[in-house]
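Take a look at the structures listed below.
First chain A sits with chain B, and in the next complex the same chain sits with chain C.
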Partner chain A sequence: MSSCGNPTAEEEALMPRRLKFGKSKVCVKCRLKPGNIVIRHAVYCKECFSPMIDMKFRKALEPSVNASAGTSKRPRLKASGNLCLGFSGGLGSSILLDIVHNTYFSSRLPLDDSGKPRGGTNHPRNASVWPSCIVCYVEVCGTFAGMRDQTEDIRSVIQRYPSFDFVPLRIEDAFDDSWWTTVSGSSSIPRISLELGKEGLIADGLCVASQATGLTPVEALRSYLSSLPTQTAISSAIQNFTRVLILHTAYSRGSSHLLFGTSLTSLSIYLLSSISQGGGYAIHEELQEEWAPVTASSSRLSGALRVVRPLGDVTAKECAVYAWWNDIAVVGRDKQRRAILGIAGLTKDFVVGLEKDYPSTVSTIARTCEKLEPKDAPSGQCRLCQRPMQSGIQEWKGRISIRSFSDDKLAADLTHLPSSSRDNLDTSTPSELPPSLALTNFLCYSCHTTLTSRSSRGVKRSVSDVSSAAPLPTWVADHDLYEERLIGGGGLNKVPEEEMHDIVAEFLIDN
Partner chain B sequence: MASTISINIVFSGGLELLFGNKRNHSISIPNFVPSDNSTRSTPSSSSSSTPPSDNDVPSTGAGDTKAADLEYLIYHLRDHLLKERPELFMENGTIRPGILVLINDTDWELEGEGSYQLCNNDEILFISTLHGG
Partner chain C sequence: MAPTSCSLCRDAKAILKRPKTGQQICKDCFFFVFETEVHHTITEAQLFKSGDRVAIGASGGKDSTVLAYVMKTLNDRYNYGLELFLLSIDEGITGYRDDSLETVKRNQQQYDMPLKILSYDELYGWTMDAIVEQIGKKNNCTFCGVFRRQALDRGANSLKVDHIVTGHNADDIAETVLMNIMRGDIARLGRCTSICTQGEDTIKRSKPFKYAYEKEIVMYAYFKKLDYFSTECIYSPDAYRGHARTFLKDLEAARPSAIIDIIHSGEAFEVKEEIKAAQKAQQTCKRCGYMSSNDFCKACTLLEGLERGMASSVITDRARKKMDAMGPTPENLRTIPLFRSTPTITVEMPSQS
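Moving on to the complex of A and B:
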């Protein structure tokens, strides 16, 4: 055991640095060659490393390929639909492309010495698991002016894999009626906006006003993003839009499986970041999910879309080394895109720093989240992010915040207030709640928090003659919103401005 | 015996953007370098907009030298090759977390990290792992 030294006798008694690997530098797998890489205290040689990653990938993906588990221990893999890969141009998704191609779509049929297909007839390479594969990429240069369009760079990468069909999307498609018509089949799409309060404040109650904005998809996207209160909200919105665009595209094209190249490091970052923004209810779905749009009128032949992250047990370090040793080109991201702001950026700095000295802790984050499960079944799907929605959100928020003074003790404490003010603040019964809370009931806790969080830097002041309504993505304004009477004049009345002024008149400070 | 050693540097994973968008560099550094990693007296192999800085490591005294090691190389790259954003390459006197270092195709953790003594014609690879999924 190493000694820390004797501080009283020695001038500098430094504790020897703990080795980041086990006792030996020899590969733990073959035990023959000297190791080339240290992964979570285990040493691997170059020849054993890549097959180890391939095996981790298949182990994470293949149990979910077949629609039903079956009884065979090693069933023949056959998916019920085609495959969709979400591609961002980053490290993980570049590796995802390469491994999927080599494992399931390679045209080479290597033969062993006897002339039979290598790996046996059940090896994925020798049987068509998925009939085809599409690669979806969402270009986000429309979010802010001055960002470079990387679509053609991405296209040149995909062209190296002739089995894959490239499906480029743009993030502003979230506000494009033609895209929504293509994926959903809906022909008449109401345009709705999010009504903000006066002076650009995000209102505590969110309401929906049916109005034509006359904006192009890019303008609508930028208007929405600029209306969000914090940088965290903007980062989350971009992530959510990217995810929903790919989900709908994959589903509409008959995909049975959607794969993302999220590494263990990225997954841990995302899980912590999501939980800190109130997204804990959908943590289980981030690890494995079966998704279908709410508006799906009947079940497809290929069933729900299975969303899998097969690199979820592969750290960023392993991905980087795998890409280098297998000559996988990584396009990367534009400088502006790489600067992640808000909670996501802070979480990334924390996890990446943690991984350097405590690599096993990053794995612990993901494993702990795997064990989490909500107590009750979801009450539906969030309109905005299309994730499972917990029931009773508004009731819970009502219990933790003061919204009414119907409580007798509380009312007694407020006897110094004029009676007219006390009466006006009483909104005890649900039927007396203003109609502006209607959309709130269709948002998950995370989305509601994102849209209503207060920025510490103050709020953006809107010009008085410019509408303060922020357009919403096309999937929010689905046809059954009419049934919920959120839009189309179904019994909603906006509280008149004079009435709102009367309610808070006692508390206004004269200019 | 040569007084300098040649090192081949490769940047990947987007890190090349900080070094003039050039992936491969070949540099020469002295066999023996200041113990405090000061790079002021080292001739630069290419122009750099980042002025040399010795704020990260306290000086151990004039005249103290050590065999050129990886720790010194990192300072040298920051002071003489890096074009912009030094905080994305170095942090707290060492390579920034998220950047992987391979010495002749071997993880620097197996070679002693910053204390690895450089040899002539070594290939040092810096890969950024911060591109995400």
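Moving on to the complex of A and C:
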């Protein structure tokens, strides 16, 4: 309907560019020294810049540290568990590591006028906010052949911070039973797979087969990725696996907080990309998340894991300058990984490009999304991305697009088809199994779309690549799917030992 | 290679790949699913009741041409019991709107519907040609958009209709969701995915093509041989919207479901209660009686700027305050007639052939 809007606008019509900086070249903080950097039209000197970033970091993080807000205006910071940092080797997470170390884990205690620690070293004020800190890194070189393993480069960076323990993970751990046993304590793990269509992609029905594929974790990962229908889906799966691997690892190690070094620029890109992939319901989780696995046993002392992005107010430009002026080494990520990004890559190019002409856009996206909340209460947790899931997804999808004439609701409408088409109409659906054997109802909108939404360009796949099923990550096949009769042949399954233990736990004597 | 059979009826030869689902289907099935999906959109949202007088916002473009055709088809097929009108707004753009209105007049004949054309000139005393002459091409879409919305309501009011339907399609809505997020327009973001909106004192507006892809609308017009006017507005320099549209097209190329996925996202979230509470309450314009969130509605503010020769400085609220500081509104200022004053109805009836 909109008849206006022309990307190739005439020069006269475009908004004039604002001046690069405001009225003065003097630092807006100290108002004494000449500025060294312009951040969104405000000028800062080198000395004022780093404290300003540190302050933004603390302002974003510290209200979330204590389990409950309390009544004190300046409460003593004390987390209920350990700290976990998600590290990618990129700019944001490199800075995160440095700021967290300097702020909470360096041995520098606040000093009084006489040069001694204020209140003494044993004063509660000087106690650590978190007892310990782990740094999780997920190596993604297993996704495609020819990628370089950067784990040792990352290890050398983290060794500079002796207070941090390095926990290297690999993206193929998502398909590794031993990893799942470590983080969940579950020993009997069913292997389940999604049936593939004749073109080698996951079939629309998302039918689940319980079978052992005999693949190594790397082979299983590649098999799963190759069965996804779009580049967008592959990129989304890698991002999702990375996130869930870190979440489970952090939770299993007693962390109360998980921090990501997502900058404001990256955050806005993630938000817009997530919305473009149908993830609007979980937009709040994209900003800040309280997470616990659905199968969490009551033995866990602390509550949910709090996921915080304390650099969410710091733009990528500020991060780059901070790293440069503070000599923070950035390992960087393999470029090959960026080449297959789909919607995420398009969104990045778009936001970064838009930032030049409309510099406020980046922060506006994040600010706008902060003002949103999901419309309805969640109906559970998505089995794949482990985020809240809304109800009625399939009804909505069925309502807005007719994909088959077998739907009962269409019976009355079909009388309006021209008689020539109606006479030979086939309303049966031979390829679909009963819905109870499908994963469909256990997935959020975004994950369901990731698995089923096709590209318009078609599929180019050699016959030799095609297998009959794509293995699913271990957490999807967790034991509670037995309860849903999704796998294992209906209600005649053997009840897993952990489940039996959970039921009788309170009656057992621990000795 | 053997021809592919339609993936819906599994009988006829597939002749098109449906942009929305990627399915290869035949022409009859395409017409059926397109029309039935619009019917479902209308019935699920309970947009109309029997006896409603409904105006179709007609610009002569593809969306409104197809909308008029589909509304007439569904009204006859499912006995909605609607009285349908065509309502066009003449913005006064020589070489653009005058040509497209010819298409609307043809539609009036073809579909046998009464047509009402309301011009900016008769309502505001300004044509877009005159506005662009004064302010240049920059920001002219702001004037046109604000004036059009009110003109449609006033035209509908003069036709005594209960409802206006517009041809906004899924691409438009997805684009608007993205735009509102990027420019932080919380109020519009909250309502842009609603199929039906209604101000306190205005007529209901709805978008039956909310889930229809632009490409499918073009496809429908092509196969039905509907004629429409397809030229970009000559004053269309809204570069920001243009950026958003290009981005959306890129997303659609990467994954066609992106359009519907964005709409789903927009429907899944809402503005937090505490933010809603802080928003300005809706009131009526003290000058023309139209709904407004300030003392004066946007159309009156823009018109005052034009009349006082300060049009380019009334785009924002801050600029409005600046104009107020320049002195009081002159008493002899031309203003928009009071809303609900029901101007004389002049409806062109289709000539009997």
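By definition in this document, the second predicted complex is superposed on the first by the 408 of 511 C-alpha atoms of A that agree within 3 Å, B and C clash if a C-alpha of one lies under 4 Å from a C-alpha of the other, contacts with A are read in each partner's own complex, and residues count from 1 in each chain.
The rule is simple: a residue touches a chain if its C-beta (ideal position, glycine included) is under 8 Å from a C-beta of that chain, and two chains touch if they have at least 3 such contacts.
No experiment lies behind these values; they were computed from the predicted model shown.
Applying the stated contact rule after C-alpha superposition, one finds that A:Lys371 touches chain C and leaves chain B untouched.
Of the two partner chains, neither chain B nor chain C is touched by A:Pro75. When both complexes are overlaid on chain A, the residue A:Glu355 reaches chain B alone and has no touch with chain C.
In the superposition on chain A, A:Gly254 contacts neither chain B nor chain C. Of the two partner chains placed by the overlay, neither chain B nor chain C lies in contact with A:Pro168. More residues of chain A lie in touch with C than with the remaining chain of the pair chain B and chain C. In the superposed model, A:Gly303 makes contact with neither chain B nor chain C.
Contacts of A:Thr265 after superposition: chain B is touched, whereas chain C is not reached.
If you check the complex, the residues on chain A that touch chain C are 1-10, 12-15, 230-233, 271-272, 274-281, 283, 342-343, 346-347, 350, 354, 357-358, 361, 364-365, 367-369, 371-375, 390, 396, 399-405, 410, 413-414, 416-418, 420-421, 424-426, 445-446, 449, 453-456.
Remark: chain B residues 12-14, 17, 97-98, 100, 102, 105-107, 109-110, 125, 127-133 touch chain A in the complex. Looking at the complex, you find that chain C touches chain A at residues 8-12, 17, 19-23, 26, 28-29, 32-33, 35-37, 39-41, 44, 57, 59, 61, 63-64, 77, 136-138, 141, 144-145, 166-169, 172, 175, 177-178, 180-184, 186, 189, 209, 211, 232-233, 235-243, 245-247, 250-251, 253-258, 260-262, 264-272, 275.
Residues of chain A touching chain B in their complex: 20-21, 25, 35-38, 43, 46, 88-93, 260-263, 265-267, 311, 316-317, 319-321, 323-324, 330, 332-333, 335, 338, 348, 352-353, 355-356.
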